[in-house]
Every structure is written in structure tokens, then in C-alpha cells.
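In C-alpha cells below, several structures.
Two complexes are shown next, each including chain A; its partner changes from chain B in the first to chain C in the second.
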Partner chain A sequence: MSKRILTIFMIIFVIFLYAPTILLPIFAFNDSSIIAFPLSGFTFDWFKSLGAADELRKAAGTSLIIATSSSIIATMLALLATSATVRYKFPGKGAMIGTIMLPMVLPEIIIGVSLLTVVLLAGLKLSIYTIIMGHVLICTPFCIAILRSSFQQLDPSLEEASLDLGESRATTFRRVTLPLIMPSVISSLLIGFTISLDEFVIAFFLSGTEPTLPVYIWSQLRFPQRIPSVMALGTLLLILSVVLLTLSEFLRRRSARRLGQTSTSGAL
Partner chain B sequence: MMKRLQLDSDARRGLSQISLPLAFSVLLLAAPLAILLAMSFWTQDFLTLDRTFTLANFKEAWTSPVYRTLMLRSLKISIIVTVLTVGLAYPAAYYMSFVAPNNRKALLVFLITIPFWTSYLMRIFLWKVILGFNGVVNGSLMGLGIIDAPLDWISYNQFAVVITLSHAWLPFAVLPIFVVMEKVNRSYLEAAQDLGDTPFQRFLRITLPLSMPGVVAATLIVFIPTIGDYVTPRLVGGPDGLMIANMIEIQFKNANNAPLGAALALSALVLVSSVAGIYVWLNRRYLQSEGAA
Partner chain C sequence: MIKLSKIEKYYGTYHALRDVNCHIKEGEFFSLLGPSGSGKTTLLRTIAGFEGIDSGTVMIGGQSMDGVPANKRPTNMVFQSYAIFPHMSVAQNVAYGLRSQRLDKAKTAEMVEESLGKVGLAGYGERAAHALSGGQRQRVALARALILKPKVLLLDEPLSALDRQLREEMQSELRRLQRSLGITFVLVTHDQEEALTMSDRVAVMFEGQIGQLDTPQALYKHPASKRVAEFFGAMNILKAEIIEVDRDIATTQIEGLGVAELAIPTGASAESAFCVGVRPESMTILDDGEQAYAKETPAIVTDVEYRGEMTYYDVAIEGSGKPVVVSMRNTSNRELREVGQQVRIGWESASAVLLLDQ
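Take a look at the complex of A and B:
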């Protein structure tokens, strides 16, 4: 009985979750500049109009640079932090990793305004670098969460074997550890990229003359006639995110399988 | 210096590896927060900053009726959103962990995360479309003949803010609860059943206390950041649904009063952190009493 109630609940829950997502492509293809039902017809015009928007192309370029740099830097920092916390015991470990993970529970506006204050006081100019700094801060905890499980599953005897055979630590990392955790590393890069690409609050506070894609979308939402094009853009971004995340999930599972296999062969 | 020499090589390696990410966090998070704190004790007159120490900003943040109203409203909305989100996420996580077949679990996790990769701004905007005067909800209810005129209590108010924010945070609440539930040892449940517990007693005495750490994590992940949201109130809140973050943004951007903005931001952070602290403490008490029982 309770199982049936829970199943029905879950179905409603999923419908609620998907409600806005389903509307996005519907209005992106709807032949009317007013975002409301009833729908009036099918059109590709809103997608075509995106090609002509210069500002949009510039914003997309800025976002790509920021998302790529942030995800690479965040993944490298996360690799160091995860390797240290999973494998070694040292004093102050809890407080240190707590500081690094803090942005996960901190309101983004606090990160935004505190970095803004520093930039203003130091007399620096807001630029894509200031946004990258903010994005690395918020991406790193998510990258750590992804990398942690693969570090935990990593069989230490493989690294020990490499060290015993006379390889240096750096070579061991490059030739043994990194190939084993590679799928998670890529997964971490993709998640970091997706988070940064979609992040608005920090980018809004820290962007100077070059807006990111979400900051551009925000500026467009004020003009009702631009909204259908924004819907088309949102649809494209959704497709991109789903492709990246499917890829990331696929890699994560392959990584789990790979590590699982190596640990059984290690036991043998 | 002596202490450092006493550390074994493992500890030293760990410290050297964590030093770079830690330095990054200290430099770009801890230090800016400290500077934000310093800023909140200064005053700004248009563009010139006066660095004499004063508590005037905090006094204004806590006594002025405008800020107090916004602060309390933000706290109220955050609490409602958290209760609603965690309340909905719990049965969903329960379904995923205890009802769904094992080979479906990964798919379900994936299924609930996908909608959240719809652009954050677009999702909020689409809620405005769903709840609006000519929106999806009003349109369908009127089409079905259930109502004659559009419902006005569902849009441009705090209700709309609560719905939109709860939707935004749901997966972040489901996942930690689900992860903890997955770790619940199923043999405890069998033991309780064998000893004559009804399914409900079994839930109250085993599943609920053991899944509590997930609930706490979910609560903190939702509650603290919610107070800082300013896009949702701006887009769906109407005049009556604005929150403290909107005021912080105004102080930093249009009003050129960064010190007051800093004081408001820190006050909001302290307020939610204290409420979160009380919650964690109460929860620990509950778990201790369960452990003792």
C-alpha cells in the first residue's frame, strides 16, 4: 500500500521537477513573441535569430574562456586537496578541507560581494579574471566530491609497487594514478565547466565590460520581444549541458568499473 | 618549527599537497571575507571611503524597519523553503533507496539531476511563465472550467518565491539523503521486522535516525544559500516578495554604499548560521536520545 503511494508521489515529484524544463523547448519553437498558451505554430526563427546576435556570440566566447579555465584550475586544486585528504593523516586536516569545501554552503552573493570589495579596494578592474577566481572557488568543492570516491577506491598497492620499482612520485602519479582516475578527472572537468557556464550571481557582481552568457541572458530578460530568442538559446544550452553530463556520468561509471576491476586483480 | 620536524613523512606530504588549494581558499575566500568584515565597520560617502571604526552600519541594518522587514522575511522564506524542500526530498530519496529496484537507482539519480542543468535564470523565468496571470496554471485551470478568473495569489508574491526556490533546491536535498539511506544496513530492518516491529515502528526507530545525517546535510545545503538568492525574488517575487539579497545588491551597485551592503550581507550570514547552528544542536540531541533509548 505505502509502496504504491510512494510510487505515485515519485511520479508527481518528477513531473514537478521537469515542469520548467519541458516548457523551454516548447516556447523556443512557438511562433509567437508572447510566452503564453495557447501555442500558435511551429518555427525555427528564434534559433535563426541567435546567429545574428553579435553580443551573444561575444558573451558565449567569454563564458567559454571562463568555464574552461575555471574547470581546469578547479580540477587541479581538487586533485591536490583530494589526494592529500584521502591518503594522508595530518594535523588540521578537518579545518583545512572544511575551508576549501565552505563555498558549497555559503550563499553565492557573499562570495560575490566579498570578492567585489577586494577588487574595489585594491583598485583593480573587474575582468574575466575576477570571475574565474570566483568560479574556481565554487567549482572546487564539487570537483573534490567527484574525485574523492575514485581516490578512495584506488588500490594503494599499485602506487606502492611503482615506487618500489624505483619510479619517482611524479612519474608514479603520471603513469599509474592519473590513468586510473582519468575518467573521474574528465568528469570533474565537465562538471566544473557546466557549473561555471551556468553561474550567474558571482558573474553578475564580478563582470566588467565583458558579460558572460548568463549575464547576457539576464540583460535580455528585460525586453519582452527578446524572450523567445532567449528560450531558443536556453534550449541549446540545455542540450549542451545534458550531453556534457551524460558524458560525465558515463565516464564516472567506467571509472568505477575500471577501479573495481583493478582492485580485484590486485587482490588476486 | 619543532612541531613540523616531528611530523612523519606522510603528514608532510599531505600538508604540502593541500597547501596550494588551501592557500587559494584562504586568499580568495577567507581574506575577502575578513576585508568584507572590515568594510562593514567603515562608512562611505558617495565614492570616498572613511576608515574610522563605527558600528553605525550594523545599527542601521538591525534597527531600520526596511532592513528588518527584509531580513525577517528572508529568514522566513528560507525556513519555509527548507522545510518544504527537505520534506519533499525525503520521501523521494526513500523511494529511490528502499522502493526502487537496484538496477534503476543510478538512472533515477540521473533523472532527477537533469532538469537542474536547465539554465538557472531560464528555470526561474519559466516559473514566472507557469505561475503568471496568463500562465500555464491559470490557463489550464480556466480551460478545464475549474476557475473563472485567473488566480492572483500564485504569482508575484512570496508564494511564487517559495515554489521557485524549492524547485531549484530539490535535487541538492534529495542527493545527500539518498546517499545516507543507501548506507543504512538492511539487516537492521530485517532484525526489527523479525522482532515484531510494524513497518512504521521500524521506520521511526531505524530508518529515520540513521538517515538523519543526510537530512542535516540537505537542510544546511538548502537553508544557508537560500537567504542569498536575489534572482528569484526579482523575477517572481513582485514588490512584496523581495529579499535581503536584493537590498545588498542595491547597496553595492546603485546606492554606492558598500559598507552598509557588507553589514547587511554579514548580518544575514550570521542570522542563518545561528539558526542552522541551533538546528544542528537540536538534531544532535535527538540522535543522542535515540541512541540512549
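Take a look at the complex of A and C:
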């Protein structure tokens, strides 16, 4: 009996989680500019219309630049932070990890408003760079979470063995540490990329004349006739996100296997 | 080869190494033996350069290692976990340390094969490192360290992860390798049998200090203190009272057994607290009419433990609080004693050693 209730609960839960997302691709292929059932027919027109929109392509380019740079910078910062916190003991370590991880739970609107204040106080112009700054801040905690587990699984005597065999710390990092955590580094890059690509609030506050893709989508919602195109764009973004996240988790698990551990922890 | 003087090390407030002094000779198989937490691994890592020290000096080959990092020291290490690089093949692992020598491919391959041959893994070069068994990993770790022709090879509990049979095999193989290469080996172990069978000399460590440093035979026969004695095999510890001291010989009243003249261990003064140790095999249960021993003590058998080649008897001796263990070799014509049987224990002054009670 209770098992049945749990099953029903589970089904409702999953529908609640994913039904709205499923509507996106459904209406993206619907042959009508009105978002309502019943569906009137199948079409690729909305996807075709995306190719013609210049502004959209510009926004997509901006988003790609921002997502790529944010994920690279965040991953590099996370690499430094994890190698320091996993390998060494120092005073204030706990507090330091706490402050770095905080943006993970801080409301984005708070981060957005405060960064905007800082940028204006400093007299900087809103641009791609200010968005990158904000995105690095929110991506870094996620990158740390991914890299940390792989650093912790790395046997410290592997690095010691390399030193013992005559290599310097820098070459040890290049020949031993980096190859062993590489799948996690790639996974961290992909997660950072995905987070930055989807992020709206911070990008909205910090963008100047060049909107990112989510900001562009938001601006299009004012025009009802463009909604199906937005749905088509959303579908593409959805597919891209799923592919990137799956790839990142696949890589992380393969890395865990290669290090001889079975691990289920991590981002997913 | 290695000279350690007045080494002190703290982890925060924990005193990890206390006034460690020792001189490891060239070409020697030297063991650091001790219970866990005795500082033996810390001392080995100090020699390797992975741990800094708070005071004292480490000299290797006549040169001070002060400020010399691990990658510049003439030592190589075999780690407890073996630390085989999992993303490389066996050959790449073995060749790892050769990079700075900038050898051509053929020369490198030749040296790798030679080194693998020394440890009995010739032809294994192309295997993936993660596909090796425990014993093979151990050998690869050895080959990887030996290819650099170190002056000193450091081994951190290298056999503890292997099963018993493989461990015994590797013990004799390590010994053979050390003799044929003539390299100084420094081995850390908590296994007294391993230390006894493999080493030229053993330093027994307790609480960050070297308790005694000597050859395996001397440590077994003349342990200086109770804890060293108890570390090496079985030892009956009996209360003792010194009656008279004549230079370094003490006339001692031993609980239950009687009076004997025993040598005072080096470094101890007559005022120290002493007890007496007697090995089970240095006492005998006498046959009827046998008079081979200088001293005899009556006893009653309270327990018999048959172990194949030996039998261990617990015997109660008047005046001794706990039973004394006597072991007898099971020769073909010797009959087992029974519980409750009245027997005579034969012993002599040489059976007993005076021990510092610490």
C-alpha cells in the first residue's frame, strides 16, 4: 500500500519537475504563433527563423564568449583553491572555503545588485567583462566542488613519488597531477560553461549594450508573435545543456574509475 | 652513509622525533622498527626530504641535507601504497625519473628493460600500470627507484600490503637485491620478524626515540629494556631485585626462579628500575634424572599448547605471580607433558637478561 503511494508520489514529482520543460520543444514544433492546445501542425519554421535574426546571433556570440572565458577563469581559480585546501593546512582555511563557496547559495539578485554597485562606484562601463566577472564568481564554487573530490581521491604519495624521482613541483603538476585530474578539469569547464550560458539575473544587471542569450530571450517575450521562436531557441539551449552535463558527468566517473575508486559523489 | 644527529621534530605540540642520533653505514640493510606512532615513518620521510625538522642535521654521503628538497636528494623511495602512476604503462613508470638525463629512446628502453629484469618483471613494460597485481606493483616501484642508481633506497612498509606467502618471498628477494647491488637500504617496518630476517642492523623506536640500535641477534639475545624485549618474540618478564653490584655484574634475586649473576645493560646505572627477561626456549623441562642445567626450579604444568615443531607449556612456579612459558622442541623421542604434572625447570644465568623496566 505505502509502496503504491510512494510510486504515485514519485510520478507526480517527476511530472511537476519536467512537464514545463517538455512543453518547450512541443510548442517549438507547433505550426501556430499562439501558445495553446490543441496543436495545429508540425513545422520547422521557428527554427529557420532563428537563423535570420541578426540580434539573436550577436547575443549567442556574446554568450559563447562569456561562457567560455568564465568557465576557463573559474576552473583555473578553482584548481588553485583546491590544490591549496586539499594539500595544505593553514589558519583560516575553513573560513576561506566557506567564503568561496558562499555564492552557491547567495541569491543571485543580491550578487547582481552588489556587483552593479561596485562597478558603478569604480566608474567602470558595463560590458562583456563585467558579466564575466560576475559569472566567474558564481561558477567558481561549482568548479571547486567538482575538482575537490578528484583532488581528494588523488593519493598524495603519487606527487611525492614524482618529487622523489627528481621532478620539481611544477613538472610534477604537469606530468602527474594534471593528467590524473584532467577528466575533472574538463568536467569543471563544461559545468562552468553551462552555468554561465544559462545565467540570467547577473547578466541582466551587468550587461551593457551587448545582451547575452538569456537576456535577449527575455526581451523577446514582450512580442507575442516571437514566442514560438523563443521556444525553438530554448529547445536548442536545453539540448546543449543536457549534452554538456552528461558529458561532464561521464568524464568525472571515468576519471574516478581510472584512479581505481568507485565514486558516486560529485555534481550529479 | 646517513648520519642523523640530534633530530627533533614537532607536529604542533606533538613531539614526533626526540633527540634521534644514528649512523647508517654504506651498503647496510638498516631497519627502523617500532609500533605505529613511534616515529619510524616520520624519520624515513625526514631522510627523504618530505618532512622538515625543527632542529638537528641529516647528512647523506657526507653532505648536509639542510635546505635540500626531496627532488635533489640522492635517495629514492618505495612507498607503502607503491605510488605507481596509474595513467602510465609499466615502462613509462620505470623511466619516469630518467627524463632529466635526456637519453635517447633506445638507451631509455634498454635501461628500463634491465631494471625490470632485476626485479623479475622482464617483458612487462607494455602492460598498463593499473592492471598489475600487488606484488607486481611492488616490483615496478622497486625498478622505478633502482633505475636512478640511488645511494640510498628508502622502503616504507613495502611488504605490509602483501599476503603472507608473497611477503616471505619478497623478503628474501629484497635481501638478495640489496646484497647484489650494494646499495644502502633503509626499511621501515612494524613486523619484528621482517626486521630480524632482513636487516644487518635494526633501530627499535618508541615514542619518537631510538630505544636500542643493534644487530638482530644482539637485540634478540640482549635486549636493553622490557619494551624492546617484548617487541622481539615471546619473553617471560619476571620481577627482580638487585642484591649486590660488582662493576657491571649484578647479583639478582629473580621472582620464582632464584638468584643469578646478570650483566647490567649498557647505558643503565645500578640505581635504575630493573626486571628480568627469560626466553621460553632458554629454559627446559628436565627429564627424570637429567642434570644438564646449573639451576633447577620445581613447577607444575598448567597449560599445554602444541604447535607442531614446538610445544609451549605454561608452568606455575612458586613465588611467581603469573605462569611462566617454557617451549620445548618436539624431537622424535620426547613425550608431551600433561596438565597438572609436577616437573623440574632447568635454566642457567645465561638464560636470563637484566632489563630496564620501561
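By our rule, the second predicted complex is superposed on the first by the 256 of 268 C-alpha atoms of A that agree within 3 Å, B and C clash if a C-alpha of one lies under 4 Å from a C-alpha of the other, contacts with A are read in each partner's own complex, and residues count from 1 in each chain.
Assume a contact is a pair of C-beta atoms (placed from the backbone, for glycine too) under 8 Å apart; a residue touches a chain by one contact, two chains touch by 3 or more.
Keep in mind the model is a prediction, meaning the values are calculated, not measured.
Of the two partner chains, chain B is the only one touched by A:107; chain C is not. Contacts of A:166 after superposition on the shared chain: chain C is touched, whereas chain B is not.
Of the two partner chains placed by superposition, only chain B is touched by A:13; chain C is not. Judged by the touch definition given at the top, the superposed model places A:243 against neither chain B nor chain C. By the touch criterion stated above, A:120 is placed in contact with chain B alone, chain C being left untouched.
More residues of chain A are touched by B (comparison of chain B with chain C). Shared-chain residue A:180: touches chain C; no touch with chain B. In the superposition on chain A, A:158 makes contact with chain C only, not with chain B. The contact sets of chain A with chain B and with chain C never meet.
Residues 48, 50, 69-72, 75-77, 79-81, 83, 85-87, 96-97, 99-100, 130, 144-145, 148 of chain C are the ones touching chain A in the complex. Looking at the complex, you find that chain A touches chain B at residues 2-3, 6-7, 9-10, 13-14, 16-21, 23-24, 27, 35-38, 77-78, 80-81, 83-85, 87-91, 93, 96-97, 99-100, 102-111, 113-118, 120-121, 133-134, 136-137, 140, 194, 198-201, 205, 214, 217-218, 221, 227, 230-231, 234, 237-238, 241-242, 245, 249, 253. Residue ranges on chain B touching chain A, taken from their complex, read 7, 10-15, 17-18, 20-22, 24-26, 28-33, 35-36, 39, 49, 88, 91-92, 94-96, 99, 106, 110-115, 117-123, 125-127, 129-130, 132, 134-136, 139-140, 167, 170-171, 199, 220-221, 224-231, 235, 245, 248-249, 252, 258, 261-262, 265, 268-269, 272. Residues 155, 157-158, 160-168, 175-176, 179-180, 258-260 of chain A are the ones that touch chain C when the two sit in their complex.
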